[in-house]
């Protein structure tokens, strides 16, 4: 019967690596024999186990090994990684290794190479002593792409040894929890990251403007708390609409009441920026004088406005080609340690797809379904907050304003 | 063919009375002939119309007349109201007139009597020159109950002539609107009502405690902003749990983290109050020293804790019989001009059932379905706010704290 | 330093007992020493561990022990259970042991007694060689109530060794899953249970009638698939309304269109049943001739209609006192092996409170929040299905109709 | 004081034109004088009114006129339409007339020209005796674009004179309604449209595949019920994944259980189609042998797969540029009379943006927020159905299968 032996070490019980591995083996119809097991006797001591995996078929065994690898198991008889040439631009070999978002290494010769820019659902290209994570749209014909499961080691980000909001509250989506303490801890995390020169990414949806929270996001940008802003056409258009007309989607932001014919304002705002040439040009020409996009131009942060098929206009700054938009988002992410996603399902999922599991992520939405959807995407470091985006940003901005 | 003639006056076009009447006639398969129509020439002038209704059948005509009455139409050939004796306690005559929650009058002899304590889905008892709205559970055998549709006049609360939050935003449930302005206007309305000696009712659900907003509700009560508090066993139990153990449903309110075995706290808290005899007794004995229920006892406001089948315990103050609970809630409502419902579907609907349409109502919940459900219940003065209850109460409390 | 030693055996890793125990110890600020660990070498072999627990304080250690007990750990130096007298009717001793819903035993002398009718958030009364689970409202003054944590053993229901819908899909609430296969398996489970004389409980909300699914629920009852029906005033009233008037909440069930003045129908239906005396009397008198309540009367199944404060009427069969309603529901539950909850948050939570963890539970609602809320309540055997209740009942009824 | 006179005719009261006009005037701070009013005396007779509008300022009056025009009012002293040249490609003149989605005419000389391909938030280009609706991204420098409000006539689609599902149930989003009757009527409408050679557009989201409803959508396509399919990368990828691997997003479609490592399947499926060159090529090469995309290729219907920034891959058939994707969608819409949108917020909104108000639209989603969002977008003919997409498609497919 096809057999493989894996080993696993660390906090393998309470970090859920071992329970998940036992689950996977049983779900996939395999069986196992625990050959060695040393349990950490106290909470700081690591455990170790070596397990022989058995399945009736080679394919079944491969599936089990793949599942165990994603949980951090390593094949004992580690052969070097194997590669095949990409048949042509934009196509992987059929048996390519599909990445997860956890730190991953490949064994080339005797060395383990760290896969650079790890990201879910990609391939690994090995070249000149380096291993890179590459999206299928970016692979070039002839590049050496990793296939099969040999010579691969995944090192899941471990659960923190102490109680903290990230990791601990993973998948907590309830609106029925106290949130101000979480926001205070988030502010602390932001101070720490900025203190050590780390970068913070913010993903923003249009409800930020509709709810009147644009001023708080503007303040965060002006205060230097945001290094990278990912958004779409809608939030930029409504932010600019609110500067030009005092409305957002036709609602008067001073009193919350709809303005007849106000629904035209966003398309008029877009047209004026198109006339100016770009948002930055509108700032230079003195046409746009405040708001989120103004502050982003002034602060010189990296902005990627990715288009979507429902866009009106769009604004001239919007990247309308989706492959190009992903490329620019990837280029902006290195160095990012924290990602805050507010009221934007589309852009939040798009960003989540690109993030390594080691990036702390906070997803804020009033709709629990959005928070659940993101938490399901597999980052072990996602904190979901079901709350009103306006009150979230107001509190966060207050916490950061006082030193 | 069966025919009746109705008349209608006031702002019948923009208050939607006339469009709804035309709808009803067509939906019910009837036809009509407009006999007279005088349109108000400017926005402050009332309009008037007299319409002959026709239907193939008597039953169909009755249904049309009933629908038109609910919109404020009056039968031209107004006969006096007709009554039949209630066959026995708790039972109406089969053809009883079922009330709406709009101001309603009945014609007895030449006089129109105002129906007292109007409330939806009840009957009208006429007795000694007075007309009372009576729930089916409260009617006594032999009382004269209104039947049919003769001699009845409904006067719908009209839409305000100016833009204001109540009425205007009716049925607005979006979370994507600016809310701080609405909260500021609500605070103004509360000041006005208190200024003229009106009463304010608050309906409270347990998420107020879970989210850490208990301190804000306590402050509102201590500040004299609430005259009547309707709630259930859960909020009282978790409020008291938070005073005894610092937790709510086992979550530590200081840091938002779950406490192992903390889920027992609420039942322990309930047991202690049962041992003390009542919440008020626990306050007197110095066992309960702060929180929402403590402040309610201290302020001496009217509290009705209505039980439900999912209650643990319950607390000794909870009214466990539902008919008795409705009776006490009804008794507390006269004089109430504003009702604020927060994070409680069950008690909010129960209260909504008892409220006259003239009572301004605000329903706050993070779940749009709750807000929609309440708005559908037919009060023309319901304002729905989809937002986080903690941030709502914090802001409202801040607005009211500064004079 | 305060120390206790626990032991644990079974499938302690993949059933999550051990990971949860390590979590609890760390969350509560304790530490541990693994004194012995034998891992099951294959998937059918049990594991065993003995762990010394340490905490700075006695209270902290007690909390840790309590948490470990809920996961199935047993104190090694097991002293007999301790009891104190209930101070008076309806009050437990302050340090009472608060039950979970997992099978629980208490040690009296040398014997372990199984706690009868186990249910969450109750106390345990030991008397004459028997241990009974008792709600606080039911305890009599002077009864011997278990206090502290000595002499208690919890035996969590283990995860199935094979892939099956119950247990396996625990907490799965997604609407984006294939549901017809789950429904087919549920039908199989129902056949099995009926085959061995087990009982099935159905908890029903009014949307069943509103969506036109009353015919399917009627068919299930007529087919003998339901032994116990828990519901409220609303579903019974709308079911009877639909028989009398063809509407549900004023919507014509033949075409889905609202009927003007149809909102009165439910209160008229209630009044007629009040006039008849009871639902059964209305059936006898030939007034009520079909529908869910008719079939329930005809089939002679146990029905508990528990009231709520939002009820109109109510129907004469509704139990209006909530403590009495819980008492009747408890009395109906022995022998129930499966509980299907459809479109009723209030009654589903009320029932969930009363169920032992060993009862398989299916919760069906179109609102994921309801399903999540129930799954959070701690039964390890709850399967959540986010779907339309009409299509669920239609499919289930079709599956059961064909032998 | 600035004054304009409008006139309005048709079923202006029950179609809500007049109530909305009165609302708009008051909301915008204007006043009015009704100069003439003739009410239709019976339900089939049209009404007519002529109203003088007054406002303190020219801008205010323009806003009122604009709002009245959207409701179908026409300026009495109709001057011809005015145009200005587009300053350059992709930019409208600043005062451009922003379109609604109702049938619209412009007056050029003595003739009223129908605006072709009417769509929301666009401009109108007048050229060579024709008027075209043009998106801002499509306008060419120098084209004559309509500015201001003179010479414009909007003719809102009127509410049906009889009870029917479209129009009647507009904005009805409740899950608590009977749905099978609506589905039966929808099937009838589809037969009628196909009978007269009209076209049907289907907008599809990935939950169709996840829930196992792909077979029903395939059957609709194979049966000739769909002429145009709008979708994204996800549904196509998961449909193809289900053909290659039997899974959708890693869930086994035969039993609803997750498959370890199954999350890779969709990216493997995408890679294979990229290797084949296109979906059609994969069909030709015999690689793809069934499913939604296979049937679409076989039936030769028009398919637009519009990309999004969250796409993996994407499939080679996906249009990655959003402006191009909108262009292709617009090109496919002429002749479409019915649009069915299932489980896709992004593509449903994108399509809704492009549809004329005269196209009947059905939006099906289990999430009421999606249905509300679409209904808010202003089509007067949108029917929202909150239900499970699998059961919707199964029933619709059954209704259409039986002649």
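To keep things simple, chains are lettered A, B, C and D as they appear, and every chain counts its residues starting from 1.
The working rule: a residue touches a chain if its C-beta (ideal position, glycine included) is under 8 Å from a C-beta of that chain, and two chains touch if they have at least 3 such contacts.
These numbers were taken from a predicted model, which means no experiment stands behind them.
Comparing the centres of all chains, each the average of its CA atoms, the largest separation from subunit B belongs to A. Looking at C-D and A-C, the interface holding more C-beta pairs in contact is that of C-D. Taking shared numbers over all numbers used, the subunit A to subunit D interface scores over half, which places it in the same class.
A separation of 45 Å divides the Cα centre of subunit C from that of subunit D. A separation of 32 Å divides the Cα centre of subunit A from that of subunit D. Chain geometry summary: the mean Cα position of subunit A and that of subunit C are 38 Å apart.
Counting partner chains per residue, subunit C has residues 27, 163, 257, 367, 369 touching two or more of them.
Taken in their complex, subunit B has these residues touching subunit A: 163, 165, 168-169, 175-182, 206-207, 210-212, 249, 251, 253-257, 366-367, 386-388, 390-391, 395. Every residue of subunit B that touches subunit D in the complex is listed here, in rising order: 13-14, 16, 18-19, 22-23, 25-27, 31-34, 37, 39-43, 49, 161, 163, 368-369, 372. Listed in rising order, the residues of subunit A touching subunit D in the complex are 24, 27-28, 63-64, 66-67, 70, 87, 90-92, 94, 96, 98, 121, 136-137, 257-261, 263-264, 266-268, 270-272, 274-275, 306-314, 316, 320-323, 325-326, 329, 345-347, 349-350, 353, 367, 369, 378.
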